[in-house]
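In the part that follows, the structures are each spelled out as structure tokens.
Heads up, the next two complexes both have chain A, just with different partners, chain B and then chain C.
For the complex of A and B:
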């Protein structure tokens, strides 16, 4: 189901219906033509167009902090939500949204997830950021310290003695942890 | 593997959603995380983000044991059992309240309110409060204490209000000698005496009803103007105030009224009783805080003798009832549906509970595997392994 939404939205860019498009250029130079209501979910884009009077439809807005890969992911999410909104403007179909979101993140690696969190933060899409940070939290829940270090790419700067002391002091917190 | 570092703000946003046990463990990740996780700002962020997680209803089986049962607040499935790992001066504890995962316990019976134990079971931290501004009267046998416990958002502080009655908290005694009041602030870590003109006595032994930055008790006036009202204590100015009740009419033989909080508004549960069974239950809500005319009867339902006591409101929409058939009933206020949710053995005091890191930087650790004897005779007992494992079980 989720894939059908994704394909229908990507094909809509070539559909004949005349829709206002906004051009967004990612860090690696690719230009995305995005339907206006979808692009407006990106707060940074919305305020750029609201605050600058001299921008036209031809203006290509550069997004130097967003990679093409992240942009694909972001647009997939925003398009799906726009679709939900269009179909049911009153109340989003919760079950369907949840099913879409679950399928959507399942396909993302940890690195992709982090890249998208950074992009969502930069583009200021609070709903997506909220969702993705929740997903990241779920992925590190009940894991070992080593797993979490690898997940975030954090260097351990404790001496072995310091770490051993901490582990001894809070021994109870190290019980029942999932296998990595 | 290449890896992307995330800014602190986002890191807090992710870590703030984790259970407390995970966070304590992840303090070992690196020095930066160690500082971040125990930072008071992060502790607040974590509290706010925990609203995304399921909360619990914590019950205290009243007499003869110090065991709490945690139930999932949505389906009342038993989540875990929590045994208090220290003992008090009386046989059992009294649960005076719970705010942000911090339990406020005290001794029971004649020692109620004298010693206060602030315990955060999620991080096994305990702080024992023994002092008083009124050192001499504090230890007098026969004095009676009433306490209130709440969190003051504006100052990010936990406060305890303690009212000391001379003799007892009934009209006769209060008219003879007005009570004395003191307030403890966790941030200041001290008690401060509060002036009061008196003229009232509280009807509840304890309260955690915070609305609009003030604590509330159901109370009565002394003297000629004998009337019930809601006594409030404003955390900001540390002064008492009064809130008038609505004119609730009830056709039962007698009425049992209690103050509560419903969706951040002050509310009143009015039970009309005939004999030991309640006939009807009304819930009044003060829609505009402090405005007497704004009291509205929001819910009313006939209990048809199924219950004899209203325990209170959980989850903002469920009224818990004590049935006359050994059952705990829940009544959905919107649908007015009553259904049994558990055995009577869980009846007793209950509070809403969430995990938190509150008190992390204070108090002392109640280590699970050591037997400690602390000054003042508080025994920190050995925690049962099985109980411990239950508590630490992975969250649903």
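For the complex of A and C:
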């Protein structure tokens, strides 16, 4: 893995003296300078810096599976959580966190949500991944089969007869509940 | 279009109620199998502990053998939580217990005929009969051996029906039961050592710490009750320490699983009861009185048409049901209560308030069993040696 590390001193990194920054490069070549405590929420980054002694502050870590758009979303979430942690190190202000998270995903389309899930999975941010998969579950619950196919990009490969048979077989689970 | 990897899709699906998963069998051929993937089944079980329970409602009036599912954990849509389950043609049954996606049912008249049934796949098998100990009145337990990864049924058969204590030299009364155990997938019951206490078949069994629990009498009806556990790995019965409250000496208490802790509901003066919780399993000192619940009459009971319910009052479910039964704990910390086969109510300990729950399609009269829903096939269960 270390062969793919671009160690570059020519990068645009001009880290501030006060706070240590870590440079992360997305699949489309943009370099993000991220405050260390925020970057360390990305488990892939944390273990990279923990396992490689020869990396320096100038090392730019490439993240070939993360787009710039997804990175913006990831960092927004991680920065907000770092801010909560800094203000209240003992216990996160639950209501504020919930309000932030609700607003955070409401703006995202299903495609954006999936892209974020893939990025969170690759970057190994378990808290964010857990949150986003929960959001995905809420979006598909009680939705039609057609909606779910579109959400996951799955083609219907049943013949009309097969689909009709399955519908008949499992219809009982959804049939209207009778009055007693 | 982004495509999610299989393990992420399973993670998302594991958060959905079982009825949604059944519906998603229609998505495509791969999903038809995916929703019954053993990995998904185990993910759902590990998630279930943090979720609100799914209840199986059992009705025997006006039609016998009617089952409904009630998904309290559904993420949204209050109006779609109750589903009627089409039950295969079985003789009239009682629900012995629920464990890891399966129900154990016993024939109401021929008590030696047992079924294991998944209400969501409608898959069921009849269990082997024991060649001895037929036509008796057994007490059952249904559980899962975590180490062997096998479902098990244990039964205690008392020599008389109803069991009658016999006098021994010291003047104390002793009970005696033959005990047999069946591992699902094996052809025959095995004999275990006899026991000398009278187990009481509760309305729902309590399965915590890999052990099934019963209220029991060890020495006649006047000497007080005790709690007996059966360890599914060691296949041994043991006495569990009782809480230090006087009420448990009377037979009017029932056991319940509250958030994974063995708990006892102790009835005091009419309409009043306490819930004691054993915070640390098998530690007598860890029993604490967690709830003290006062009188409440749910509106649907006040409004019930008792004349039309006359037949139901002859039903076995109704006759066995106490006025109030504690069903379990919700994620909010509220206790879920069931009043007389009729009303579901939550109790909030913080402000002492009751809330009557209503769901469209909730049957008028029912008994409730907490159930972990899954789409596991029973064939997998039996063949699974991993």
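As a working rule, the second predicted complex is superposed on the first by the 154 of 180 C-alpha atoms of A that agree within 3 Å, B and C clash if a C-alpha of one lies under 4 Å from a C-alpha of the other, contacts with A are read in each partner's own complex, and residues count from 1 in each chain.
Throughout what follows, contacts are C-beta pairs under 8 Å (C-beta built on N, C-alpha and C of every residue); 3 or more make two chains touch, one makes a residue touch a chain.
All figures in this text were calculated on a predicted structure; none of them were measured in a lab.
In the superposition on chain A, contact of A:161 is made with neither chain B nor chain C.
With both structures placed on the common chain, the touch criterion links A:121 to chain B and to chain C. Within the superposed three-chain model, A:54 lies out of touch with both chain B and chain C [touch as defined at top]. Within the superposed three-chain model, A:134 lies in touch with chain B and with chain C [touch as defined at top]. Of the two partner chains placed by the overlay, chain B and chain C both lie in contact with A:152. Shared contact residues of chain A with chain B and chain C: 111, 114-115, 117-118, 121, 129, 133-134, 136-137, 140-142, 145, 148-149, 152-158, 163, 166-167, 170, 172-178. Residues of chain B touching chain A in their complex: 1-7, 9-11, 13-15, 17-19, 21-22, 24-34, 52, 124, 365, 368-369, 388-389, 392-395. Only residues 111, 114-115, 117-118, 121, 129, 133-134, 136-138, 140-142, 145, 148-149, 152-158, 163, 166-167, 170, 172-178, 180 of chain A touch chain C when the two sit together in their complex. By the touch criterion given at the top, residues 1-5, 8-9, 11-13, 15-17, 19-20, 22-32, 59, 62, 68, 74-77, 80, 82-86, 120, 122, 360-361, 363-365 of chain C touch chain A in their complex.
Against chain B, the residues of chain A that register as touching in their complex are 111, 114-115, 117-118, 121, 129, 133-134, 136-137, 140-143, 145, 148-150, 152-158, 163, 166-167, 169-178.
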